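Shared between the two complexes below is chain A, which has chain B as its partner in the first and chain C in the second.
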Partner chain A sequence: MLQTLPAAAATDEAPPRPILQLVGVRKVFGGFAAVEGIDLDVREGEFLTIVGPSGSGKTTLLRMLAGMDQPSEGNITLRGELINDMPPNKRPTCLVFQSLALFPHKSVGENIAFALKVKGVDAATRKKRALELMRIVRLPDNYHDKNVMKCSGGERQRVALARAFAYDPEVLFFDEPLSALDYKLKKALEKELKDLHRETGKTFIYITHSLEEAMVMSDRIGVMRAGKLVQVGTPEEIYGAPVDRFVSEFVGEVNTLKMKRAGAEWHGVDVPGTFTLSPPKDGASLDEAFVVIRPEYMRFLAPGERADNQLTGTVYNEYSLGSRIQYQIRVGEKVMLAELSRARALAPGASAEVTIGWDAADAFTLGS
Partner chain B sequence: MATTPAVARRRTNTLIWIWTVFVLVAVYLPIVCGALASFNKSRYFGFPIKIYATEWWQKTLDSIEIGMLVRNSIAIALLVTVISVVIATFGALAFARYDWKGRRLYQKLIVLPIFFPQPVLGLALLLGFNAVGIQTSWLTAVFAHLVWIVPVVTLVIAIQVYGFDPSLEEAAYDLGCTRTQVFREVTLPLLWPGIWSGMLFAFLLSWSNFPLSLYTAGADSTIPKWLYAKMVAGYTPMVPALGTMATLGAASLLLGGGLVMLLLRRRQPA
Partner chain C sequence: MADIALARASKMAPETARELRHARRLSVGARCALPVAVLLAIGFLAPMVAILAYSFATPRSFDVFRSFTLENFASLFDPTNTVWLSFAWSVGFALFTVAILAVIAYPIAYGLNAVFGRWAGFVSVLFVFPLFVSENVRLYGWVLFFIKNGVLDGTLKWLGFSGGPEVLYTPGVTLFGMAYTYLPFMLFPMTLGLALVPRDLVDAARDLGAGRLFIWREIELPLAMPGILIGMLLTFVLAVGATAEAKILGGQSIIVISHDIEIAFTYSQNWPLGSALAVVVSVFIAALTLVALSKLDLDRMLGRR
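Here is the complex of A and B:
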């Protein structure tokens, strides 16, 4: 059954069979459920990122997929085979650790060829393969005998990646390996990782607390909170159609307003007035709702200009975001965020009273 | 009258020097005195030494009795080293790496024997051996040494275990290693410095142990035991001669051990 499956030939007509399938996966540590009710299909060859704040259970989930922890309930199958209790050394998967876990007593080449040595491959073949992999991850050949502890942060990432590739896994797991790097290097390596994903065609499952990182690299993103998968979707879906306030706030700074329905009208709870809401994406009928407006969709309204919804407040702070400027506007007790490009920035000391507004179509209406 | 920073610094340096020399003299002068006493031609010790001679060293080296007790000391120390390092390595891994019920209690209990007065521990062990009818010999001394030395070596190795990232073992396991391969490829090489220090500790602590050997070695003698016995009755300059030899032996072992450590570190990739 394993042999008859076609290789990573994803066609548009039929969705490929999931390589990894999680059904009702739960992990309990001493009465506390770190991971609960996870149902997830991972497609062959996709780059899936699980994001969530620290303590959301994403590392526990990954450890179960890698075989370092066993689920308390539920099933994990790899190409249809139940692998709940299969130990890591028997799984065709490999984990790139947050600490990278490079062997400090081994050279770059020895680290990379470690999986081959374990399999009993001879030294000459190991060296040949290590050099091939070093070229793939863009490490110079003369690094083969270098002490791995003398490599820079970025070079170590590449060594860890090459070491994982040497195992020839079907699925690669990444536990925030880029989190300790400086911003610029991180950005560069994110792109390289995405390129490597495309070149190798392997299935990547990446976990991070940074949605920004997830957005850059992933085909799909799963957002976790308190042990549960809240939403799984493409970056566009996560950004454009968050299922609740948690996901919408996770994506970036947002304005959230609570509303109550009275007949056909929506009344603000935090701010006075009646508002026009877009219907919720799931079509639910709500009596209470949260309206989420991203700062970039909040417009400053010149006198006479109109928007579906309007608020009047006072500017009391501004932050430079580089090419854009973000304003904090106090509307009653509530602080709203709005952005302008630098070219259109408000004149300093200009009338502090402003009118801001947004169109219903630019905002999300969420039930929770 | 204000002191300039330069003067103050010079004064600090002088004080550091005086203190360092004082400590070194206090520590090493007795050993030098012992060595000098062994080169006294006269049978009885007294300063100033009138005639220097190496005959007591020669006699010590020629003595069959001393040869036997040196062999005893070496045999005990070697056996203690091997056994204690094996027990301590797994003990250190057990309490520094794995979380299990009773781990904290074990951690405390294992350290406790270090603080027991050794003569009391020796006496207790002797009574114990008698109670179960075991004839004391150098082998029972090995057991007694282990009771005291295993905790020390466990602590020494545990420091190394605490300093290493458990994800290294997981990574090896994840890359296809069996449990045995993980131990051979990752755990053991990374624990080597700690195990090596532990071995030196074990050997040297056993080598110089007197109170436990006194109670538990039975009719077999060891170097410290013989030194004491001859001080009590039958002193000759062979006592300081053997004492100096034992000290030199320990010192060269330490030096050699340090050298091996240095070489091990050199062998790592550049």
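Here is the complex of A and C:
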């Protein structure tokens, strides 16, 4: 889904050295560990997204990386230099806030050139650089003197981005800056952000609770849960080989079935029957396992058609997903999800009893 | 409004009478505001009209509404009249009070916001509690504190020192009294003004490399300006009209303009002169306030425009 571009691939001969390194980073707030022992290497120039539900500690992690909080334990190093206690104004990193934190009393140009004013750059040079950056983020030149609060949501995003670029940081952090925008604008800005990442070659670390957002933009994704980094990998790895049920369920809607081993056979706990399971990824031998099947791999079986595993149930509800239709199928007490393309949709009023099935290779077997 | 109603009514003949009645009737909002409007007209506007009328009456008379003369104003602007000195004292001391309070209240407001966060505004209201005690009583309290053999002087003597400084009944202690009296009026708007500075903006500025002083100058001060300026304006307007501090603490070592007005109305029994003085002072303060408010574009400062 997300291939590296040929141009970028050519420069990637050696594995890039980590620009930012986290070793055993912990953050405790009055006895509660918001971030619990994180080890992470951030590669130079990558687009890394940290994703997790609210309260998973991702914002705390970001605040430590940006220097607004200090880790209780562990080390954060930037190009080999320990930066645990380096204040944000000394760090070559910049954060794009969730609120954007634009200066309401300053114009678009003044907002963008703020970092340059701090450095004592003269007014003419500041304006020149601000206009350059405005072109990069696709803001028209005549916005230079416009009041920033008069800009639309999308334009403000661009101002915030340009303001961060003006600081010329080595690493850019993003704290869910797109969360307040409507769907269409969000999609457009996700693409733009990815383009900007490629054009500027900077290291981006992005925080979001939306895995969809992460999938579209990132080179790598880290999934956080309860202060721990559960899995780090490419979008394909996260989607195709989740390490546990949490990751698999976070990535999208899934069917999860609990299984128990009886000798060489696996018996269903929630649904009756014997099932064929793919071996677990880590090769562990389990007595109890969870089978995770994505709805798009769940097939409707015509009479005579076969799959490794089969279930019979009744169609109980259906939802249009646009080009596909999702069916809720009741199998005993359990509700399973299966999808069909609109062209192949079940005829309305057709026999409510259906047989669904999946092949062992299309499902994950997880220990937890 | 009535034209529109008429035009509409002529189009819809059957409802003409009802619509017309509707158009003539006051809106709900106007009817609700009526009692307050009447009260303001009687309690606020009427005395002003009376003062204005008196200022044009024959001097040393009560011929209000029956005589018209500019004599009162002429005598005020007569070069031999020294009333301008009182005026200068009032304006000068008011300016001093504003300057002193700005310097004192800013750190307090800053600290309140830093310590109490969103409750800072409420805590600064606690500073208003002394206002429940009459100003004169509080000022006499200070007299007891500063007076010879009073709290300060007596305690120092008891401790074996040579006694406190003789500050009572001097212009300096008048200024002290004014700063003391008007502190809450500066502190409250200032605290609210400082609370308007979002934490995120300070963090963002710091993240973009700015140091403390730069952030203060470029972000915190401009964004808190509406509150600071309103506090200054409020304090100034109140301080120009102050009289008790100069009388009680200052022992009339200086005469302020409000005192002159009071004398004209009481000892001199010259209401027209006192009224003329009051009108001149009011016009001066009103003009100053309007100029300041027109320069002070709150919407722009808060980034709403």
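The rule is simple: the second predicted complex is superposed on the first by the 355 of 368 C-alpha atoms of A that agree within 3 Å, B and C clash if a C-alpha of one lies under 4 Å from a C-alpha of the other, contacts with A are read in each partner's own complex, and residues count from 1 in each chain.
Keep this in mind: a residue touches a chain if its C-beta (ideal position, glycine included) is under 8 Å from a C-beta of that chain, and two chains touch if they have at least 3 such contacts.
Note that the structure is a prediction, hence the values are computed from the model and not measured.
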Overlay done on chain A, so just call it for chain B and chain C: clash or fit. clash
First (chain B), second (chain C), both or neither: which does A:Thr274 touch? neither
Which holds for A:Ser320: it touches chain B only (first), chain C only (second), both, or neither? neither
On the A-aligned overlay, A:Asn75 touches which partner chain: chain B = first, chain C = second, or both, or neither? neither
With the two complexes superposed on chain A, say which partner A:Ser107 touches: chain B (first), chain C (second), both, or neither. first
By the touch definition at the top of the document, which applies to A:Ser368: first (chain B), second (chain C), both, or neither? neither
Looking at the overlay, does A:Ser179 come into contact with chain B only (first), chain C only (second), both, or neither? neither
Could you pull out which residues of chain A sit against chain B in one structure and against chain C in the other? 66-68, 87-89, 93-95, 97, 99, 101, 103-105, 114-115, 117-119, 147-148, 150, 163, 167
Under the touch definition given earlier, write down the residues of chain A that touch chain C in their complex. 66-68, 87-91, 93-95, 97, 99, 101, 103-105, 114-115, 117-119, 147-150, 163-164, 166-167
So in the complex, which bits of chain C are touching chain A? 198, 200-201, 203-211, 214, 218-219, 222-223, 300-305
Inside the complex, what are the residues of chain B that reach chain A? 165, 167-168, 170-178, 181, 185-186, 189-190, 268-270
Touching chain B in the complex: which residues of chain A? 66-68, 87-89, 93-95, 97-99, 101, 103-108, 110, 114-115, 117-119, 145-148, 150, 163, 167
